[in-house]
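What follows is chain A paired twice: with chain B in the first complex and chain C in the second.
Showing the complex of A and B:
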């Protein structure tokens, strides 16, 4: 399990899980689950496009994630946000089915991208993943106060000069970055589970924001490690464990909160 | 000459067996999704609708494993997820979205597992693509009766729920005062929603069925003031997109020889195009 060919996976999983835990905490308190689910799915066709054009996979994923952000933001201006999210998601996925049908990619690849694969990253991808992860984390930490404030009280945030539209877009970009890098390992469909599950548990376990943030990161990393170890042992898909452990974390958090009150 | 080409394509289109099945089942799915979708958009449950469809894929993939009819699998899982969300239910919107997300994640985890078993234990290597992105031209002819039966049942239930549901969507407090059993009606709506998404999951795919559920309904609500009119527009647009998509996908076999374009792509493209066009009218919806 700790042999050299698995080393990349452990390193990458730790990086992306820590970022997911950090960003996920804000996904939970801002109630952005749907966008968090939609963005990685919108990014997924980028891998097919990259394969067709012969460019780097991460570049393709980031490109389509950017289209996802633009789509959600653009459609939201003239309509309900959740309708905008839903239609952006299906539009980009529809383009994805077209790209896949033309590139004749094998089913195994599609499955891996959707549901994750333990050996989904190569050594060469560690550096770009680490860089993107650092960018997402840094942006989150820099925007920590406005992100918290606009989630808790939009009016107060506005009074302090935080433009709600701008912070929403900034957060969409941060989410897109954090999820895109996790996609090759955890899979497009389950990335948001890694963000939402541990973070929801952390929020239920404590009301103190800093402690919650730290717990969220810690739980997310532990979830990713457990999922990799279990997937390696059973040979079952890693997405199954990420989804299951995410739900388990939420259940534990809710039970603890229920016991406290 | 162009016209005669078109007519000969059209003649072959109507006589093609898989096309006939696709037109019938796809039409039923589009109609039900459009009607149920209007209430789903009005109640702000687009995420829940999408989540049910995604989770239904676990049933779709399990049905391949167990040898059940796909529609039965899709529906069973969607109904189970609907029950789960209802049981964990929360009133606050943020908490509701979170619960939806957690159920969605757990359900998709199961999909991952079942698809893995599909691929390792049977020879269905294309299971992931057909479950997630639809298999419009590969529907079993025996499904037509069952699918249209479910569609008819869902439409009848929507008609029965029309007034109370509309009242709940517009003003839950008033609905309670008027004696509407809000939770019961809400749950009935989610079950009908599960029927709608499992029908469209089978045709244009679990993760794309949201297009049929949300797109036509959102267009209808933008164009019409009255809910009845919105439903009619949504139904018309849903049928147009599905049947148009089937025709274009059939025709696309001649565009890029060897491999046609997927139906789901055309359906989604028509629907999102229509939504973008209705947005130009400037009414927020």
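Showing the complex of A and C:
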């Protein structure tokens, strides 16, 4: 389980989980869970598009995630954000189904993208994942206070000279980045649970925002490690363990908060 | 009112604002002396929020000028928006909300800082919020949250404090506490307060000045000058009676008002029952 073959998996999972925990904290407190759920599903056909075009998989995912961001943001101007998100999801998923049906070895590809494939990551794959993770994390760390303030109230942020619309777009981009890199590892269906599970637990464990953020990162990394170990032992898909552990963490968090009050 | 030599803390002249092609404010003018307590009174939809947002520079006027002593709005004006709903699921203490008032707009990682901590603590003490400073703000009562918001707005030591309906949804006791707190701020620290409300009664004991909004226009002056049947009738454009009873003021539209003016008749403030 700690062989050199697996070493890359551990490294990638740690990077991806730390980023997911950091970004996921703001997904949860900003109430952006639906977009966090929709973005990876919109992005995963990008891998099929990349396969058809013969380009890098991550590039395809990033391209489709960018379309998702543009869609959600563009449609939001004229309506409610959740409607914009749903519309974008439906459009991209439609295109994606078509693309996937065109690719030759689609069953294997779709399975990997939906449920994740952490075991057997190559060294070459680490570099782009690490670079994109660093970009998403750095952007989040720069924006910590404006992200928190505009989550408390867009009106308050505006009065402080922070344009809530710009923060929303910036966060959408950050979220898309973080999810895109997590997608091949955890799977499109369960990226969301790595983002939301540990963060939801963390917000129940403390009343301090920055401690909550740190707990979210910590829980997310532990979740990913446990999930890899269990997936390795059982040969079950890693996504199953990520989802299950996320739900478990959430339940524990609720119980702790319930016990406190 | 003191010194005629001192500049007003806020001077609004012939301010007009149109939103989506509709005129919301129409040549509104008034000025506030430094350290005064002013009530901005008007029914729902009369433009109170729009006026406050214009002063903050969040709404672009179609005409007129707004001058505020002490420079840029972000620095010199504290603002408590209408109806902030704190999420009880957000890990955020009252103390953190006050801290965000100081540096919530800043980029980068917030590092522990003793001076900042002391300033937040002093502000919490000033609004008498130390008891619940470490509780989750979403779990606090409405009156406690208002105090936290006032501390958030005051921590950058603005000269002018704008509050949008801070008394809505508070019980009588909390109202008296918040009004008393704001009054002390005007007296002790010379902060100018402009507070919007649809009911002027809780403010009567402390108000130096009133700005009364209706149909996009405003009259201002002392309560005794403005809250009179003749003045308000002219503002509304139909007959208004002002009744003073048991120390309360009731503004009542006379019978025979046309259906289009139902908004006035139906507004509970204007037909407020005597408690």
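The working rule: the second predicted complex is superposed on the first by the 258 of 261 C-alpha atoms of A that agree within 3 Å, B and C clash if a C-alpha of one lies under 4 Å from a C-alpha of the other, contacts with A are read in each partner's own complex, and residues count from 1 in each chain.
Here is the rule we go by: a residue touches a chain if its C-beta (ideal position, glycine included) is under 8 Å from a C-beta of that chain, and two chains touch if they have at least 3 such contacts.
Since we're looking at a predicted model, the values are computed, not measured.
Overlaying the two complexes via chain A leaves chain B and chain C side by side, clear of any clash.
Once the two complexes are overlaid on the shared chain, A:122 sits clear of chain B and of chain C alike. Shared-chain residue A:160: touches chain C; no touch with chain B. Once the two complexes are laid over each other on the shared chain, residue contacts for A:240 go to chain B alone; chain C is not touched. Look at A:149: by the touch rule set out above, it reaches chain C but stays clear of chain B.
Once chain A of one complex is fitted onto chain A of the other, the partner contacts of A:192 are limited to chain B, with no touch recorded for chain C.
Which of chain B and chain C touches more residues of chain A: that partner is B. After overlaying the two complexes on the shared chain, residue contacts for A:56 are found with neither chain B nor chain C.
With chain A as the corner point and C-alpha centres for all three chains, the angle toward chain B and chain C works out to 90 degrees, nearest 10. Using the contact criterion defined above for the overlaid structures, shared-chain residue A:93 touches chain B, although it does not reach chain C.
The superposed arrangement places chain B and chain C with a least CA-CA distance of 7 Å. In the three-chain superposition model, chain A touches both chain B and chain C at residues 31.
The touching residues of chain A, when paired with chain B in their complex, are 28, 30-31, 33-34, 36-37, 41, 75, 78-80, 82-83, 85-87, 89-91, 93-95, 97-98, 100-102, 104, 106-108, 110-111, 114-116, 187, 189-190, 192-193, 196-197, 200, 236-237, 239-244, 246-247, 250.
On chain B, the positions that touch chain A within their shared complex are 41, 44, 46-47, 49-51, 54, 93-94, 97-98, 100-113, 115-116, 119, 125-129, 132-133, 205, 207-208, 210-211, 214-215, 218, 222, 256, 259-262, 264-265, 267-269, 271-272, 275, 279, 282, 284-285. Contacts from chain A toward chain C in the complex involve residues 29, 31, 141-146, 148-149, 151-153, 155-162, 202-204, 206-212, 261. Per the touch definition, chain C reaches chain A in the complex via residues 56, 58, 74, 79, 81, 84, 86-87, 89-93, 96-97, 100-101, 103-110, 134-136, 139, 152.
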